[in-house]
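In the two assemblies presented below, chain A is common to both, partnered first by chain B and then by chain C.
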Partner chain A sequence: MKTSWMKRQQHLGYLFIGPNMIGVILFFIIPAIYSFYLMFTDYKFMSPDTKFVGLDNIQRMLGDEVFYIAIKNTLMFLLSVPVSIGLAFIVAVVLNRSVYLKKLLRALYFMPYITSGVAVAFVWMLLFQPNNGPINGILRAIGIANPPGWLSTMESSMYAIDIIWIWFMLGYNMIIYLAALQEVSGELLEAAKIDGARTWQTVRSILWPLVSPTTFLLLITGLIMSIKQFGIIQAITQGGPGNSTTVLSLFIYQNAFRYYEMGYASAVSWALFVIIMIFTVVQWLGQKRWVHY
Partner chain B sequence: MKKKTWLAGMTSLVLLTGLLAGCSGNGNGNSNSSAPNNESAGKNNSESSKGTVTLKMWGGVPPESGPQEVIDNWNKAHPEIQVEYVRFVNDDDGNLKLDTAMITGQDVDLFVNYTVSHAAKRVESNLALDLSKFTDYNIDEKMGSDAEGWKIDGKYYGVPTTKSAFFIALNKDALDAAGLPVPKDWTWDELREYAKKLKVGDKYGFIQNMEPFVDPIDSVLSQEGYTKADGTSNLDHPLVRKWLETLNGMMLEDKTTPPLGEQLTSKMPVEQVFLSGEVPMLNIGAWLLRSSNNFTDFPRDFKIAFAQVPRLAGSADQYVTRGGLGDYISINANSKKQEAAWEFLKWYSDGGMAPMAAGGRLPASKDANQDDALNSLLGDKRDTYDLDSLMYVMFDDKTPTYVRSLPQEVMDLRSQEYEKYFLGSQSLDQTIDAMVARHDSYLKQNK
Partner chain C sequence: MNKAVFNKSLITLVMLFLSIVMIVPFLWMISTSFKTPAEVFQYPIQWIPVHFNWSHHVKVWTGENSFGLYYLNSLKVSVLSTIGAVTLSSLAAYGFARIQFRGRDTMFMVYLSMMMVPPQVLFVPKFIMFDWAGIYNTHWALILPGLFTIFGVFMMRQFFLSVPHEISEAAFIDGAGHFRIFSRIILPMAKPSIATLAIIDFSWHWNDYENALVFLIDHDLFTVPLGLQNFILENNVDYNGMMAAATAGIIPMIIVFLIGQKYIIEGVASSAVKG
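For the complex of A and B:
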């Protein structure tokens, strides 16, 4: 009697997750398996005949200089994640206390996140113009004779992209932090105050550890989101100048939809998957050291 | 408990974001693709009952720059064959959209290819109809020897319809003031001198549209071959080196042309910079006329003269210039209305396309009325051009031409390496070596 009731419950459960699972299977699992198969073929979009080529694509990838440049660029791009999280924490702590225009400032910080990426990209391109852009104008005005070329040189372009991305993610990270800070019990803060803790000590020893699960969440989601990000780079530089801003996801996009090299692009996609996997596992293992639930 | 509410909050937030993203995605998709489809589906139904054929033509030119007028003219004269124009943006995404539409069997009857490599890909996947089955129109005879470059495996899979002129546009007033004649054929060294003499203050003497930027190399290699006799890359040709050095000198030493990094990141609107009179020389093609006829957005107080794109090599009789023909219109091999499409295509090529000239697209066919085309090309702005040099560059110049046919991968690897050079990140020798190495590995990959 009891078992059949359990069974019915189970069936019902499947029914509930059904709609979602169908979507996941159709639009994620099947394409993923298909791309795994494509990795071993020379399939080109539109090309009538496709051959099985074994490990050729992987071999080609490992011998492709641009692939390694793309990995390096991706890592440089990921630098923006911890920086943005750190800044967001500081902003959230300040905004969580009583400051003037608190609500307005919160809204302002969140603005980038809800604006269109391409529009934002164009504004930043104007700001970053090496000769008559406002950023370099200000730098020159405060006495820096040779400000960086930002997007216009091979060396600085990735950092310029980092700055844009930090600014873009700041609002989202800040909102999540604000929510977490609201949850911090006032008693703890009051106790700290009575014990004579300074602001800095309160932040370091009470707030930061207490929001560490949030930090962890932001770190994982931020890294995954950034590693897959290519829209903003495609809009601003298309991977240039040279290939100084070609990140892995952009490299995949170019191979798949510019050159129609689906087989090769699938191989690089799986490499990207492996990299994301490694990042996540390392963080998961590392969390015990610093995340306090 | 606390953790749970927090979790619930997070979940709902994530769901909400997903929902929002989903909504916006759908919104875009719908407005772009399904709306015109529905509309046309409705039309198809209502019209097929009356026995008319509706053709769909996909092209990259905005409808208001000519195509709409062309098909309006046709539709008025041919009630039994109605043509609809669908615009795709001629970039990676747009071409992908066209390819996907054809592969998935949406009704595309005619489509315009803008490069040989795009056309070749479509031929390879059996999307473009072999036109040799129609015997009533001799493409070679109508379009002249320049059509040759569009043959794919020795056959025409489309009709190259336009004459595409590439040239250096010159500010005639500035040239006169400096006492310089309008050149007919010239070298890059001469252009460099012109740029120095025309440079005023810290402004530039010469700018380039990025599309024909790399043409000087292709002019050389389309003749000498992109590969050497032994099958390795020919990108280390001495004239490639010469091109790199000349431009680099102009950017850094003479400061007569903008450094590439600055031009790329500011997405410099070169047409506007030229038409405002700020820079006296511009490397561009016939599409300049679209802007230079538009005095509302680009007010201008000088005459424009035209010159051939300069050559790298010393002697003029070996030079080929880019141009020839463009807008290669194919018929979808899977279309069921091929006969009707062919009728339209013939009419279009033989002068039906005249309104397109307003956007700088002159008909290539010898049977098209060139005066009509010239009239719509110049409009009421005839007096603001130096007609002698215009006629020479667009019609009378007998310099042989080539059509760019390099695969996109090679174009890209080449531009990535020369960008590094012009931006000062690698030396000339490193650049040449890298171009050759990457081209060689591409050749090996695609043997």
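For the complex of A and C:
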């Protein structure tokens, strides 16, 4: 009697998960399978006949000049991830032990992350105005006669996007580092002090190695998060000037919804999936080896 | 004053200065929204305008496409999505964390693998499916998928796993079933986690530009990010107006952040370190 009741209780598991599972099937699993099928077709929105084209889309991708530009831009965009992590580490170390007003400072550094989105992107667009924007105004005032054109030239546009993204991610990385640094025992640091270790020695040879699992985690999750990002870039530059800020995820979006080349866009989106999968596998392998807490 | 206190004060000042640099885009935005066109790019920067000019804010809030409408649209989408997402992911997380049943771990692996699929893979098929189902270019195209968050399931599961099993076992012996344990015991304990998830989820939906961009075309359906983009396209030389519009887009998030700061910061920290 009691056991059959227990058994019935276990079946309730399906009821708990069911509603969510329906959504995951409808909005994740079925679209994913559908997209996988579309990759092998020449599907275009509103065009009546869709043919199965085998590997044509993949071949087209590998021969598409813009695809390689997008890969290059994506790599340049991803450069912002380690830079942001490095800066966040420094800020977190300083905030962790040697300041007053720690909570206020933490909130201020974190603010860009929570207010993310296109609104901030448009503010940066004006800040970066090449002729008379405030950033170049300041640069000229401190004696730089020919400041960069930022978002307006092909050479500098990707760096300008990087700066925005570093600024945006800094607070997030800092919060995670602060949480990790709290786990580091104060005794260890006191011992180092007694040994006469200089501050930067303590940081370099004690703190940095101790938080290495966190650094690794931030690096991988940051790369994955950034490679999927296209909203800010679409809002500010739409990938331009030229194709100079067309990153892979934006390339997919534009093929799908500007040119309605949806079969082709699906193929490229699976290339993006493969990259994310590689990052994820590296994370699993790395976690097994690195995690020692 | 001893040396340690002096050093600490000095470092605090330096960090305070740098933190101001971090939020300078917001300050410049607000300041510009109150200036006249001639003052926008004046150098040195006049941080506090000589005369507060409200006309740009009036334009943003009363024009043909008013931000009032965008706010209502965003609120509708964000609130409905968030309520659904928090409810459904708490239920699912309880199932994954505290009930043993056949197929559970396989289902969880499916969830795990779906986290790797980028939104770019799903946009095209969702676009076709929504068009077919007649919800393309309606708010349902944002709300319905918004009810389901895999991240939310992970986060709540993490919390439910940390609740000692003895608590459920004692309730079991008293004859309570899973629904009663969930609603009377576990859920009340999870209030802080629920608050965190609700705030993070709300901010996602409020800031969500990409889904709105793909699934909405009618102006009167626009959420705040799209409304903002539209405003900027139509007023691309009116820098003061642009910044007034950006201010309108950002202020709600700043308010949410100030109210829920504790939950947001702790939630973000714990989700990454434990996950």
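For the reader, a short list of remarks on this structure follows.
The rule is simple: the second predicted complex is superposed on the first by the 250 of 293 C-alpha atoms of A that agree within 3 Å, B and C clash if a C-alpha of one lies under 4 Å from a C-alpha of the other, contacts with A are read in each partner's own complex, and residues count from 1 in each chain.
Simple rule for what comes next: contacts are C-beta pairs under 8 Å (C-beta built on N, C-alpha and C of every residue); 3 or more make two chains touch, one makes a residue touch a chain.
In this text, all values refer to a predicted model and were calculated from it rather than measured experimentally.
Residue contacts after overlaying the shared chain place A:Asn243 against chain B, while chain C stays out of touching range.
Once chain A of one complex is fitted onto chain A of the other, the partner contacts of A:Pro130 are limited to chain B, with no touch recorded for chain C.
By the document's definition of touching, of the two partners only chain C reaches A:Gln10; chain B does not. When the two complexes are overlaid on their common chain A, residue A:Val118 makes contact with chain C while staying clear of chain B.
Contacts of A:Tyr34 after superposition on the shared chain: chain C is touched, whereas chain B is not. Using the contact criterion defined above for the overlaid structures, shared-chain residue A:Phe257 touches chain B and also reaches chain C. For chain A, the partner touching the most residues, choosing from chain B and chain C, is C. In the superposed model, A:Phe110 makes contact with chain C only, not with chain B. When the two structures are aligned on the shared chain, A:Asn146 is found in touch with neither chain B nor chain C. In the superposition on chain A, A:Val24 makes contact with chain C only, not with chain B. When both complexes are aligned on chain A by C-alpha atoms, chain A residues 45, 129, 179-180, 217, 257 touch chain B in the first and chain C in the second.
The touching residues of chain A, counted against chain B in their complex, run 45-48, 60, 63, 65, 125, 128-131, 149-155, 179-180, 183, 217, 237, 240-243, 254, 257-260, 293. The touching residues of chain C, counted against chain A in their complex, run 7-9, 11-12, 15-16, 18-20, 22-23, 25-26, 28-29, 32, 40-41, 43-45, 88-89, 91-92, 94-96, 99-101, 104, 107, 110-111, 114, 116-129, 144-145, 147-148, 150, 153, 172, 177-179, 182, 203, 207, 209-210, 213-214, 224-225, 228-229, 232, 239, 242-243, 245-246, 249-250, 253-254, 256-257, 261, 264-265, 268-270, 272-273. For chain B in complex with chain A, the touching residues are 2-3, 6, 9-10, 92-93, 96, 99, 103, 121-122, 124-127, 259-262, 264-267, 408-409, 412, 416-417, 419-420, 423-425, 438, 441, 445. Chain A meets chain C in the complex at residues 6, 9-17, 19-21, 23-24, 27-32, 34-35, 38, 45, 91, 94-95, 98-101, 105-112, 114-120, 122-124, 126-127, 129, 132-134, 137, 141, 167, 170-172, 175-176, 178-180, 214, 217-218, 221, 227-228, 230-231, 234-235, 249, 252-253, 256-257, 262, 265-266, 269-270, 272-273, 276-277, 280.
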